[in-house]
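Take a look at the structures below.
Both complexes below contain chain A, partnered by chain B and then by chain C.
Presenting the complex of A and B:
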């Protein structure tokens, strides 16, 4: 495929958002156009994944605006980015079609669908971005869309939670820019490929400086992924998002943070001592899993329970990234492949659970567990979807969750350090708690016979998009080989970034120059033993 | 009596902005006529010179919005300026900018999104101008939406 085409997943939602905004008021036309665009976008993403996975290097890069790297704006699509694009577009399309049954006319007039595409645009941009500053900009685009979507309709709880969400993210963004500035000051570049080249040759004080700056970035990403102890914003804000859209939020937004952690801390920062950030992540992951699931256990509202579970699940993905700190190639590949598989599984299942929760809430008239009951009798199909998705989330075979957890635990045990063993133990305990918490929803909302009359019968259409996600999790569990192999192939590009670096136009030359500088420095240090000043 | 007089004089010339309107004053309107026109002209000049000199779409758009703000101050929230759907201007601006980038994918030698070429006919015109025009419209649209919405009374 032509490298210029990899920005299609960014361009399509951008045009869609603008056109849908102009169509304001044409309710039906807007819905049709939104659904067609979202499905088309999914098609383009899948095509890109197949084309790039089938190519020799597995990476396609381009630089926008006719400038070469490291000055131009780099966009790089490797297998990992393409997998993420498929997820954001696919789950986006599913959630978008689901919202046809939930979004009110007022909400639609408040630019619901244009904002939906702005969020997809931001996510896709973050996945393709090959430059730290661009990553920041894409986060902003995504956040602005998400503020808007959270506020759609502007009811009182929405305004209250959105103000908190905006305030917190404004702080996060400020730290993000500061971190990016620090990294630019120490390394002289923000292009990810260039950074991967330059940080690998650093040593001594400079390497320590970069590690220090990277921990600032770590704080930002930890906040965006809702890792312990920066998760407090999530359980309050997600429940106020309009039903349907919250499935997309729950699945995608925090995972953009996980993706950035994976991209930046595994691939980009390669200086000696870079394991420090990963070790911190490994410790955080244990707390994140445990605190998330403990929070979920004491909640009594479906959306809040599920929101707390997002936090606990993020812990598993962060655990996979943290395991990369163990210097063992086999463990690294296994851990990253496991993380990628987990991200795919989690996005599908978590979105699905939010959508099922929405239907159950519609059938029972409320999402408060203590007031619900009897959904199993009223809507057995919905109960079936829920039980599969929740078993998958808890990690029972034969669903995708089992495999995802299995690979991660295997990587942890293969790691062999005391810390890894402790985290593995925490992960297993968390699984049991997750199962308990899902059983609670099942017992109260579905099984218990309380209300006989369903409040709304108009839910059958909503089950179709939800069922699509359930089918995906079953297929990923039963027919896992193609998915796990794809995850392993994607992991190799992240761990060994040579192909990534060479795919960016202008970077091959840049890297050779860096090698020359390295050689020059080695000779100059050898010839002048007194000169301790690092020569760039 | 005075109350009724006041109302009739204000109502008869419905289309002409009235100096009796609570939000306008004759001095402001007279000054705004000249100042807004001048500001708009300067904004266009600054927009056009932006390719090689300080200026461009963003700052030009801010200046144009300043002219719009003067008109709003002079003639109030009922003037024709306040009734334009300014957000549409922003969206159209966004479309112009994006379309420029896409057209250049087909026209420019490298085929990159947002690459740039220079048109020599009929006037010397770099394609970046079209992108900048989009930015100009986005900025005017956004700022004017803010001004108009903030100027409205609550509940209207």
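Presenting the complex of A and C:
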């Protein structure tokens, strides 16, 4: 494939959003066009994954405007990025079709569908970005879209919650810019491939400086990921997102943070001492899992329970990233492959649970557990979808959750340090609590006596997109080999970024000159302390 | 020069943090403004600012030895300013909207029921909880209308409420109490 084509997953939603905004008021046409675009986007993403996975290096990179690295803005699609693209486009399409039954006319007139595509655009952009500042811009695009979608219709609780969400994210974005400035000041580049080359040759004080700056970035990503102790914004804000769209939010938005952690802290920062940030992540993961699940256990509303579970599930993925701090190649590959598998599993299952929760709420008339009941009686199909998805979330075989957790726990046990053992123990305990919490939803909402007599039948259509996600989690569990092998192949590019670096035009030459320039920079720093940037 | 820049950035971040922690929307907006200015100053510093009185984009007064400063940090600052301006404007609009909705500019005075239901429903529920008589009446009519199978529901809820330490133990108050009273909202408020 031509390298320039990798920006298609950014261009398609951008044009779709603009076109849909112009079509405001043509309700039916807007829905048809949105669905077709989302499905087309999924097709393009899957085709890209096939093409890139089949190529020799497994990475395709391009620079916008033809300016070679490190000056041009790099866009790189490796297997990990393509997997994420497939997920964001695919789950986006599913959630979008689901919203046909939930979104009101008012919400649609308030640019619901254009905003949906802006969020997809931001996510896809973040996955393809090969430059730290570009990553910041893509985060902003995604966030601005998500602000709009969160308060579409502008009811009082929505506006209140969105304001908190904006305030927190505005602070996060500022810290992101500051971190970018610090990293640029210490390394002289923001291109991820170039950073990977340059940080690998650093030593002594400079390496320590980069590690210090990277922890500022860690704070930002931890906040976007909702890792402990920066998770408090999530359970308040997600329940106000319109039904259907909240499935997409729950699946994708925090995972953009996990993806950034994986990309930046595993692949980009390679200086001696870079394990520090990963060790911090490993410790945080234990707290994240435990606090998330304990928070979920004391909630009484389906969407809130599920929102808290996002936090505890994020803990597992962060645990996988943290395990990379153990200097053992086998453990590293296993941990990263497990994390990638977990991300795929989690996005599918969590979105699915939010969508099922929406249907159950529609059947029972509320999502408040204490007022619900009898959904099993009224809508057995919905109960079936829920039980599969919730078993998968808790990690019972034969669903995808079991394998995802198994690989991560195996990596943790193979790691063999005391900290890894403790985190593995926490992960197992968290799993049990997750099962308890899912049983609570099952017992109250599904199994109890009927809460009302007449059942509206118009939930049937919503089950189709939800069932697609359930099928994916079953297939990923039963026929796991292709998925786990793909995850392993994706992990190798992240751990050994040679192919990634060489795919960016101009970077191969850049890397060959890196040693020379390193020496030159060292002398220039010694002679003219303030002039490092001018030399570049 | 480095020391001066470091001090300015530090003071801006400190003042911004102070304002962000004030219980007043307008101060929060101002705090965010100071934050973004501090971050932009940091970017200027990362581009290698030379000396007081010198044009920011050259490295020395002397045209012979002067080199252009690295253009990337100003470029990044420009983008960051645009973004923070847009988000700041949106945030300010929302503050005004929240003020119109609730008549307060103090985030601590905002209602705590963060569920999906419209405020009117929540207010109704709150009024019902306050008035126990009304609550009982509502419950009676509710159970009269239901089938025998469904009649056990309030009892079940009652039993569960006893196990739930956060639930108030008033009769019939459980179902109709404002939703925000359980869980996270209570814990974080």
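The criterion applied here is as follows: the second predicted complex is superposed on the first by the 512 of 536 C-alpha atoms of A that agree within 3 Å, B and C clash if a C-alpha of one lies under 4 Å from a C-alpha of the other, contacts with A are read in each partner's own complex, and residues count from 1 in each chain.
Note that in this section a residue touches a chain if its C-beta (ideal position, glycine included) is under 8 Å from a C-beta of that chain, and two chains touch if they have at least 3 such contacts.
Everything numeric in this text was worked out from a predicted model, so none of it was measured.
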Clash or fit, chain B versus chain C on superposed chain A: fit
First, second, both or neither for A:300, with chain B first and chain C second: second
Chain B versus chain C as contact partner of A:373, first or second or both or neither: second
Touching partner for A:15 - first (chain B), second (chain C), both, neither: first
Partner chain in contact with A:4 - chain B first, chain C second, else both or neither: first
Which superposed partner A:147 touches (first chain B, second chain C, both, neither): second
Which superposed partner A:329 touches (first chain B, second chain C, both, neither): neither
Partner chain(s) touched by A:156 [first = chain B, second = chain C, both, neither]: second
Vertex chain A; arms to chain B and chain C (CA centroids, nearest 10 degrees): 60
Touching partner for A:56 - first (chain B), second (chain C), both, neither: neither
First (chain B), second (chain C), both or neither touched by A:137: second
Minimum C-alpha spacing, chains overlaid - chain B and chain C, in Å: 9
Touching residues (chain side chain C, partner chain A) in the complex: 20, 28, 32, 35-36, 38-40, 42-43, 45-48, 50, 59, 67-70, 72-73, 76, 79-80, 83-84, 86-88, 90-91, 94-95, 97-98, 101-102, 107, 110-111, 113-119, 147, 149-150, 152-153, 156-157, 160-161, 164, 166, 174-175, 179, 182-185, 188
Chain C-touching residues of chain A, taken from the complex the two chains share: 133, 136-137, 140, 144, 147, 151, 154-157, 159-164, 166-167, 170-171, 173-175, 177-178, 180-182, 184-185, 190, 232, 235-236, 239-240, 295, 298-301, 303-304, 308, 367-368, 370-371, 373, 448-453, 530-534, 536
Of all residues in chain A, those that touch chain B in their complex: 2, 4, 7, 11, 14-15, 18-19, 21-22, 62-66
Touching residues (chain side chain B, partner chain A) in the complex: 87-88, 91-92, 94-95, 98, 101-102, 105, 108, 110-116
